[in-house]
Amino acid sequence: MTQHLATRFTLYGVLLALALVFSFPLYWMAANSLQPLFTGMTWFPERPTLANYRLAFTLQPYWMFFRNSCLLALISVGIPIITSFFSAFAFARLKARFKGVLFMVILATMMIPPTVTQIPQLVLFKQYGLLGTYWPWIISGLGGSPFIIFLYRQFFMNVPRELDEAARIDGCSTFAIIWRIYMPISIPVVATAAIMSFNASWGGDYLAPFMFLQERQYPLSTQLMQVGYILPSSPNVDLFQVKQAALLVFVLPILVVFLFGQRFLISGIMTGSIKS
Amino acid sequence: MSKKQMYPIVAMLLVFSLAIAGCSGNNAPANDAGPGKDGKASEGGTTEAGKKVTIRIHLAEAEISKEQIESFEVEHPNIDLERVDTDFNKLMGQIAANSDTTPDIFRLMGASEFPFYASRGLALNLQPYFDRSEYFKADDLLDTTNIFRWDGQMSGKGDIYGFPKDWSPDFNLFINKKLFEAAGIPIPSDKEPLTWEQVKEYAAKMTVKEGDKVIQWGLYDPLGGGVGLNQDVMLAQLASLGQSLYTADNNEIMLDSPEAKRIIQYWVEAVKAPVGPSSLNSEAANFIDLFSQNKLGMMVAGYWFSGLLRSNELTNSHLDDFMMLPAPVMSGGTRVEATRSGTGGIIYSKTKHPEEAWTVFEWFYGGKPADERAKSGWGLPGFKSKVELLPRETNFDKQTYGVITDDLKQLSTLPYNPYISATAFSTLLDKYMTPVYFDKDTVDGAIEKIAKEVKIQIRENKDIVGAK
Amino acid sequence: MGKAERRESREFYMLTFPWLVVFLLMSLYPMLYGLYLSFTNFAGFNYENVRYVGLRNYNNVFLDSDAMFALGRSFYIGSLNVLFSTVFGFLIAVLLNNKFKAIGFFRSLYYLPAILPITAVGLMWKQLFATNGVLNDFLSWIGFQPINWLGYDHAAMSLLILLSWGCGGGIIIYLAGLKGISPELYEAAAIDGAGAFRRFRLITIPLMTPVIFFNLVFGIIGSLQIFAQATLLSSNGGLMGVPIRPIYLYLVHTFQQIFMFQRYAYGLALLWVLFIITILLTLIVFGTSRLWVHYESGERKGG
């Protein structure tokens, strides 16, 4: 495929310009994290200092929260990306009564605002003795995530049916078909699901831990969003610059996971299978 | 859906509700002597003598130090002290679930939030404990601690239910003398209060524009988010005029009294002038930044702000440029000093360990941590005897200390309505006054809408707590 | 029902069994309980003596002129947001699917808005939009009148700018889809003489419809639940602030009722109304999907 040089330059320009727009907040956070305390928001740090980073790690047991985040992310990514596979295959490929209804139910669970269920869940978890443990996350994971089930299903529906029909003729069971055919060709979509659920867990899952866990078990997200950094002896005063420093370190793992994980998106194993 | 079809659904819902109510309804102490099958969280769940008991105190991260907790636990080996975070909604969830993690001691704003908690029966009556306490001597308590009194109808009098951690009369002004001089305004006296009318006039003079852009502001009320009508200031201004915001039975708001209208008009003009930032003239920098970078002439703030000025590297080198003033009065009114926050604690009325919770409460709110807080100069103690612990070394210390001593002579409790929460009221003001600032509604229109919603709020809240 | 069909049906339920159990335990039960509470006078703390009040809360939803106004704003801003984020997200993904130097690095940058918690960068946006902020500096520098970005006339536009900036979240799914399209298809088309635009229209778009469909469904669900972005632009900038009228959205109104006024039961009723509206909209989108979503394997389309 050839492109005109001019087209290519234009595209590159657009790419760069948009990159600036999208990455600007990261720069903004970095700039402010270097700014001395109580000196106001800035677009450029005039007297840069690393003191805020020291404070970010010492005012709170930062690495303890970091470890909790890792654990929670491991649970919320590792379990559902595998368990969702089976339901997704069933919804994409098998015929059954009430399938349509159940699929709407899956969609519906994603539409329900979490606030509706939070207080009843608290009561429920207390009854089951799950408060103050990571079990709610593990149990939810075992059922698979509705989002990932839907994502996988969309992907599976695009896999040519001839593939599994051929396998069936060869005498493969449904489980073998999932394992031998669908798993290997699904790496891009699994990587997508993993990256997105890691992002959702690491950065977005802060209210549920706040409600269901105790302080020592909080992930970083809860600690930063719900509690934050305040001036010792005057909680009215936010330590804005320290928070920016803490946030910057906090988002690094998501960036790393994305940089690393996107290689799998490009692996392009699918390309051989999809042909018309 | 036909009636017949409804029955099974309603029946199912009822079963659900009973199933949940069955496990959460019983709060009797006998309940928690049961098997600790709830796992780790209930380690402190027994009340047998000699057993270790966990007391959870809700405080912000920095308000209690590890060292303080450790030294307390050494002195009280039977108590395991744990600081916990919560917010109103988590708290409600914890109460609903009868969770073991429910704090025994809640943190709240004494002035504006306590009446709301008290009317809902969430606070333990501490009068018997206070009566026998070594720390809390009745004649040593400052009048401001009355914000934690409750007589079943109103705060301010009756038995005591809580105590402030630290507090400040919150309507003092902090001024930047340099900006006063630059605008040609004489430096006011710190003995005689300014009138709010003067405040607006000065603020207008100190608001400086460069083209269309405001580069320096005259007035800022941090708890009100700039300038604009808010409940605290309105209550204080009305008190200065000898008026109240609500009818005596707390059933209705009186926003259309001439005094209230005068105050509303005052703030509408202040927003439009403008003399300070608001939604109409948004300002991204916060008050600390503005004030410490000499971009703000006057700020409505309590004594705690002096602590910030002392510790901020941009201001602590030239503290004499700043000055604390008494709370302004409405012209024709009297001086009223009061707190709008008064962060403090109450003991949860259904705590499983009232005695141990009291031991913690007495220590944190009346013991050594209280002394340490007073010395730090970030707020006032609740005790007359501890006032002298406030810093009095530099000129700035002495000046602020002088104003505070005067303030203490004029103190009163603002009459917040226990049947509408402070957050609800500020939300309503924000919602209906903003259109007025933008000329999309009139003052009378906003008054009518606010009054209507306040009435609904009061009616529903009274209905729920069973008040008349 | 034939033997094969019965086997499929059995396998279907075996494979979905874990999901079903977890759904019943962890989602349905709390959901129904929330539904029950929406028929009571639940106010957060009165858990032990809630009273059944019939349809009162639901009646109030439709009598509450603010709720209806907010719903209208949510539809308006939500539909524009779905449109913008679908189009921008797709176009950007196509751009990022090109072979450039260090494209992986660029992709990560583009994904940033989806990573950074909105509460963390909300302050930055307020600073940008402030009347004395950088955007106005820029406007006056290129010779325009500064505008009040957060005032009545422009708040909706400002909110949409902020939302569109966050469209990167969908990029990753589009990219995964684009990677799935065989380059041979393009090559074959190029040999047949199809230009870049024609290839885009005849190959990329049809093959991407399942992915567009996926993002569309989530766009609708997410758009109706927009909340934090609007409140962060409000005057006090906190999560519980009151945005001015043009961006006073349905979920903002709902959370105000719950968190500011402690009208939990009423708030739950509002949420259930939203839930039902969302389901209806999604059903409509699923209904239309037969007309435009193209599945490679030729199974019946949609759901």
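Lettered A, B and C in written order, each chain numbered from 1.
Criterion: a contact is a pair of C-beta atoms (placed from the backbone, for glycine too) under 8 Å apart; a residue touches a chain by one contact, two chains touch by 3 or more.
Chains and their UniProt names: A, C = Carbohydrate ABC transporter permease; B = ABC transporter substrate-binding protein.
Predicted, not measured: the structure shown is a model, and the values here were computed from it.
Participant: Kindly indicate the chain pair that has more C-beta pairs in contact than all others.
Facilitator: More C-beta pairs are in contact between A-C than between any other chains.
Participant: Quick one: which chain's Cα centre is the longest way from chain C's?
Facilitator: B
Participant: Using CA atom averages as chain centres, what separation in Å is found between chain A and chain B?
Facilitator: 37
Participant: If you average the CA atoms of chain A and of chain C, how far apart do the two points sit, in angstrom?
Facilitator: 16
Participant: Among all residues of chain C, which ones touch two or more of the remaining chains?
Facilitator: Where chain C meets two or more other chains at a single residue, that happens at 29, 33, 123, 127, 258, 264.
Participant: In chain B, which residues are in touch with two or more of the other chains?
Facilitator: 20, 24, 92, 96, 284-285 - these are the residues of chain B that touch more than one other chain.
Participant: For chain A, which residues are shared contacts with two or more other chains?
Facilitator: Residues 41, 118-120, 123-124, 240.
Participant: Chain A touches which residues of chain C in the complex?
Facilitator: 5, 8-9, 11-13, 15-16, 18-23, 25-27, 29-31, 33-34, 37, 92, 95-96, 98, 100, 104-117, 119-121, 123-124, 127, 134, 165, 168, 172-173, 175-176, 179-187, 190, 196, 210-211, 213-214, 217-218, 221, 225, 251, 254-255, 258, 264, 267-268, 271-272, 274-275, 278-279, 282-283, 295-299, 303
Participant: Considering the complex alone, what residue numbers of chain B touch chain A?
Facilitator: Touching chain A: residues 20, 23-24, 37-41, 60-63, 65, 82-85, 87, 90, 92-94, 96-101, 222, 284-286, 288-290, 292-293, 304, 307-308, 312-314, 343, 373, 376, 378-379 of chain B.
Participant: Per the contact definition, I'd like the list of chain C residues that touch chain B in the complex.
Facilitator: 29, 32-33, 35-36, 39, 41, 43-48, 50, 123, 126-127, 129-133, 136, 140, 146, 148, 150-152, 234-237, 240-242, 244-245, 248, 256, 258-264
Participant: What part of chain A is in contact with chain C in the complex they form?
Facilitator: Within the complex, chain A touches chain C at residues 1, 3, 11-12, 14-15, 18-19, 21-23, 25-26, 28-29, 41, 43, 83, 86-87, 89-91, 94-97, 99-100, 102-113, 115-121, 123-124, 136, 139-140, 142-144, 147, 149-151, 154-155, 157-161, 174, 188-189, 191-192, 195-196, 199, 203-204, 221, 224-225, 240, 243-244, 247, 251, 254-255, 258-259, 262-263, 265-266, 268, 270-272, 274-276.
Participant: Which stretch or stretches of chain B touch chain C in the complex?
Facilitator: 12-13, 16-17, 20-21, 24-25, 88-89, 92, 95-96, 120, 122, 211-215, 225-226, 228, 278-285, 421, 423-424, 427, 430-431, 434-435, 438, 440, 457, 460-461, 463-464
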